Amino acid sequence: MNPAIETRDLSFAYKDRAVLLAVSLSVEKGEMVGILGPNGSGKTTFLRVLSAVLGAQGEIKLNGRKIATYGRRELSKLFAVVAQESHVNFPYTVAEIVLMGRASYHSPFALEGKKDLEVARASMELTDCLSLSDRYLHELSGGEKQRVMIARALAQEPEILLLDEPSAFLDLKHQVQVFELLRRLNRERGLTIVGALHDLNLAALFFSRLVMLREGKIYRDGSPKEVLTEKTIDEVYGIRVRVEPDPSGEKPQVFVCPSL
Amino acid sequence: MDVKVLDRRRMILVNGVLLALLALSVVGCALLGPVRLDLSQALQDMFSANADAEILFRARLPRILLGVAIGGGMAACGVVLQALLGNPLACPQMLGVSGGASLGGILGLILFPHWLLPIAGGLLGEISWVPLAAFLGALLSMMLVYRFSLFHGRLHPYHLLLSGVIFNSFIAAVIMFLNSIVDFYQAQGLLFWLMGSLSTRAYLTVAFIWAYIIFGFLWLWAKGLSLNLITLGEEAAMQLGVETVALQRQIFVASSLMIGAMVSVSGMIGFVGLMIPHVVRLIVGSDHRLLLPASFLAGGIFLCWADTLARILLAPAELPVGIITAFFGGPFFLFLLYREGRRKLAL
Amino acid sequence: MTVHCFVGSLTLLCGLNVFAQAATPAPRRVVSLAPSVTETIFALGFGNRLVGVTTYCDYPAEARKLPKIGGFMSPSLEAIVAKRPDVVIGVSSATDPVKAREMERLGLKVTLISLGSLSDILNSIKSVARLLGSPDAGEKLVHKITQQFDEVKRRVAPAPRRSTLLAVGLQPLVAVGGKNFIDELITLAGGENIAGNAAQPWLNLPDEYVVAKAPQVIIEAGMGSERERSAKYWRDLKSIPAVKERRVYAYPSDKILRPGPRVGEGLEEIARLVHPECFAESKRESNKGRRSGCEGSRP
């Protein structure tokens, strides 16, 4: 069976600065992978290259097919992206935004149909923003906006979900809610999930596989226990921490040791 | 809870109402003017040399119809340019095309080879040399601005905006220079280009422009969904299935061609492309599948009345219609903004 | 008693003025800022005193050979100063007052004459003549022009007035309005300016207004007007009497448009277009002192 995502020697450079260097990664269908790394390690760039927004050297295959053989409409039904921030300069309601996720499922000349409305509603229910459906996007808080963006991504009915720091603007409760939702989607629907994360602890709790990037290269790839070691974190993030197992004993948790 | 979205009923309702208003406006404006019109006389003796019939059918109607086309076209281009540039304050003038068309027209006016007329006979006069020169100016400026905004084969909205604005400033300087060296009579013609005029009696021109603009408008309307997506941001649009590179190029070319043609025929009529999309957006929302046709119709209504005011306000003199659009458009928009805009507009 | 006082003080002032004029020497180096001023100076016989004219000064032929100091709306300050004029004569409606003040600050004497109405034009001719030291020449020239006026008035008197449109541009249509010396010329020529009630001297006229006012004569006097274009422009508005009776004339003429010493000739040109029948005389008729057709001419 073809892996959902497979990259080989993926390299990308902004002008003279190399951001990704020969990244070779393989993600199977139904896997839930967290991409970790400090700012500038290439997390966001990696996701942008994966979602065909940026062109890079090397090979990317989705479901065994080279990415260049896909048309954009096809790609948008295959994977959905939840970006870190969204700047929308025009007044749209939440419902309108979520429905835009259905764009590739109906003719561009037709209005949305019943199925589209149903999928949109279900997505909004899942992300707990159905009550916001008539509100304007720019009136919402950062967290509410994030949930709407996830709803839109889900409305695309993708096989793969790419998220760029999905918990960045959320309060604790909603952070946990989002990650629980992701895990549910992964287990119940077999959604392949790749997320760039900055919160190591939540990553350890919810993701079964972590990939640590350092200066554009893969530094460690494995289970949270394997990846989140004091030595690794020191080498990649440059800070000293203490790693202890969580109450269940299964997952590592990271404790920062600041000089007080 | 029911999700409120754009449906067929709303489309028909909004567009139907606007279409009816447009028809009423055309009729109303045809009956209004600085001179009294005896409608019964006009309709009775339509085909003879009847003053009332001539006023209605030869003097007023062509310019009203032209106004509807140009108002609609400018508004539609305003909508798509705001989407393309991701900026609610964009307007057709920003692309530089209108500046190039004006300069082309002015040069055509000044350099008109009067000596050619006896040689070429009536042909040159028939073709109407000046609008052609203007359209040529539009094409050249479109190619220039396009070239300056092209980076790695992609049209960057930011660069497009910059190139357009800088190009316009340059053109404005050239026009001002020409203004200082032409004589009094040519200066009048120059004013036409800078402030716009719908004065025309040529049904042929009006029909041509109508066909051109309707075609362009329909083409843009078909892209309505893609326009929605592109306002979410270039990357988001790509991820939602839009070929953004091709779309940007197509929209730029389509709107440039439309604007070029409009300015060639009626000079620079500003404000319509900036204001109408905003006003309509406040009422019908930002979904371009409805915003485009609604703005088109609203633009036609607006310019129709603006031209009527231009004819009436300082009678018997006729004001350039661009002055009316600026004069009334601005404060009206501020009023609307104050009343409702605050909670709806994402500025 | 007050009237006598008034007249008395006026006489005193005039006398003083003449005395003052006689005291200062007449300017010998003159710069003209307008074609009408140039024509006036030549007509007064002082063309040899002109040291600088605008690029639009083309009459009489000698004026074209004079050194140029710039355009009509944009004369060059440097060029004017370089000519070391004793006086610079401009037109109050056209010359930029800022430029005029600049010139004065540079030590030049600047006189602005007003050319709005016909009486303004005639008075200006007189004041230019006085300025140049020969008031008699001014009186003579004004007298000649006034006679030209009278001759035309006499000829068209028997004929009924004809509504007239006088335009200087077609697209856009720029017409002579009220408060314009050309409007007065039209009236003197036995015509009635259809836009004469307008407040502006020049205005864009919408076509419907022309149709409604139904002028009997249409004259296009702008430079660049030609018969073909005129005819084609008005062709489809057949309800206009001027179009129906083929009284649409393309007649580019500076004599009509320039507020200068040739206004008398300009008036005759207009009158010949508005009332051609009043000027069509055979030798036999003129010997008998009778005018043909003018009296019984149709409106």
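Note that the chains take the letters A, B and C in the order they are written out, and that residue 1 is the start of every chain.
To be clear about the criterion, a residue touches a chain if its C-beta (ideal position, glycine included) is under 8 Å from a C-beta of that chain, and two chains touch if they have at least 3 such contacts.
Just so we're clear, the structure is a prediction, and the values are computed from it rather than from any experiment.
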{"item": "Most remote chain, CA-based centroid, reference being subunit C", "value": "A"}
{"item": "Centrality ranking, top chain (CA atoms only)", "value": "B"}
{"item": "Distance between the centres, which are taken as Cα means, of subunit C and subunit B, whole angstrom", "value": "41"}
{"item": "Approximate Å spacing (C-alpha centroids) for the pair subunit A, subunit B", "value": "44"}
{"item": "Distance between the centres, which are taken as Cα means, of subunit C and subunit A, whole angstrom", "value": "81"}
{"item": "Per-residue overlap in subunit A, given as positions that touch at least 2 other chains", "value": "none"}
{"item": "Partner subunit C, residues of subunit B touching it in the complex", "value": "33-36, 49-51, 53-55, 58-60, 112, 114, 117, 122, 125, 180-181, 183-185, 188-189, 191-192, 197, 199, 201, 311, 315-320"}
{"item": "Subunit B contact footprint on subunit C (complex, rising order)", "value": "56, 71-74, 168-169, 171-174, 177, 195, 197-198, 200, 202-209, 211-214, 222-224, 226, 228-229, 232, 236-240, 244"}
{"item": "Subunit B to subunit A touching residues, read off their complex", "value": "1, 3-8, 11, 82-83, 86-88, 222-226, 228-229, 231-233, 235-236, 238-243, 281, 285-287, 289, 343-346"}
{"item": "Residue ranges of subunit A in contact with subunit B within the complex", "value": "48, 51-53, 72-73, 75-77, 80-81, 83, 86-93, 95-97, 99-101, 103-104, 108-109, 111-112, 117, 120-121, 124, 130-131, 133-134, 136-139, 156"}
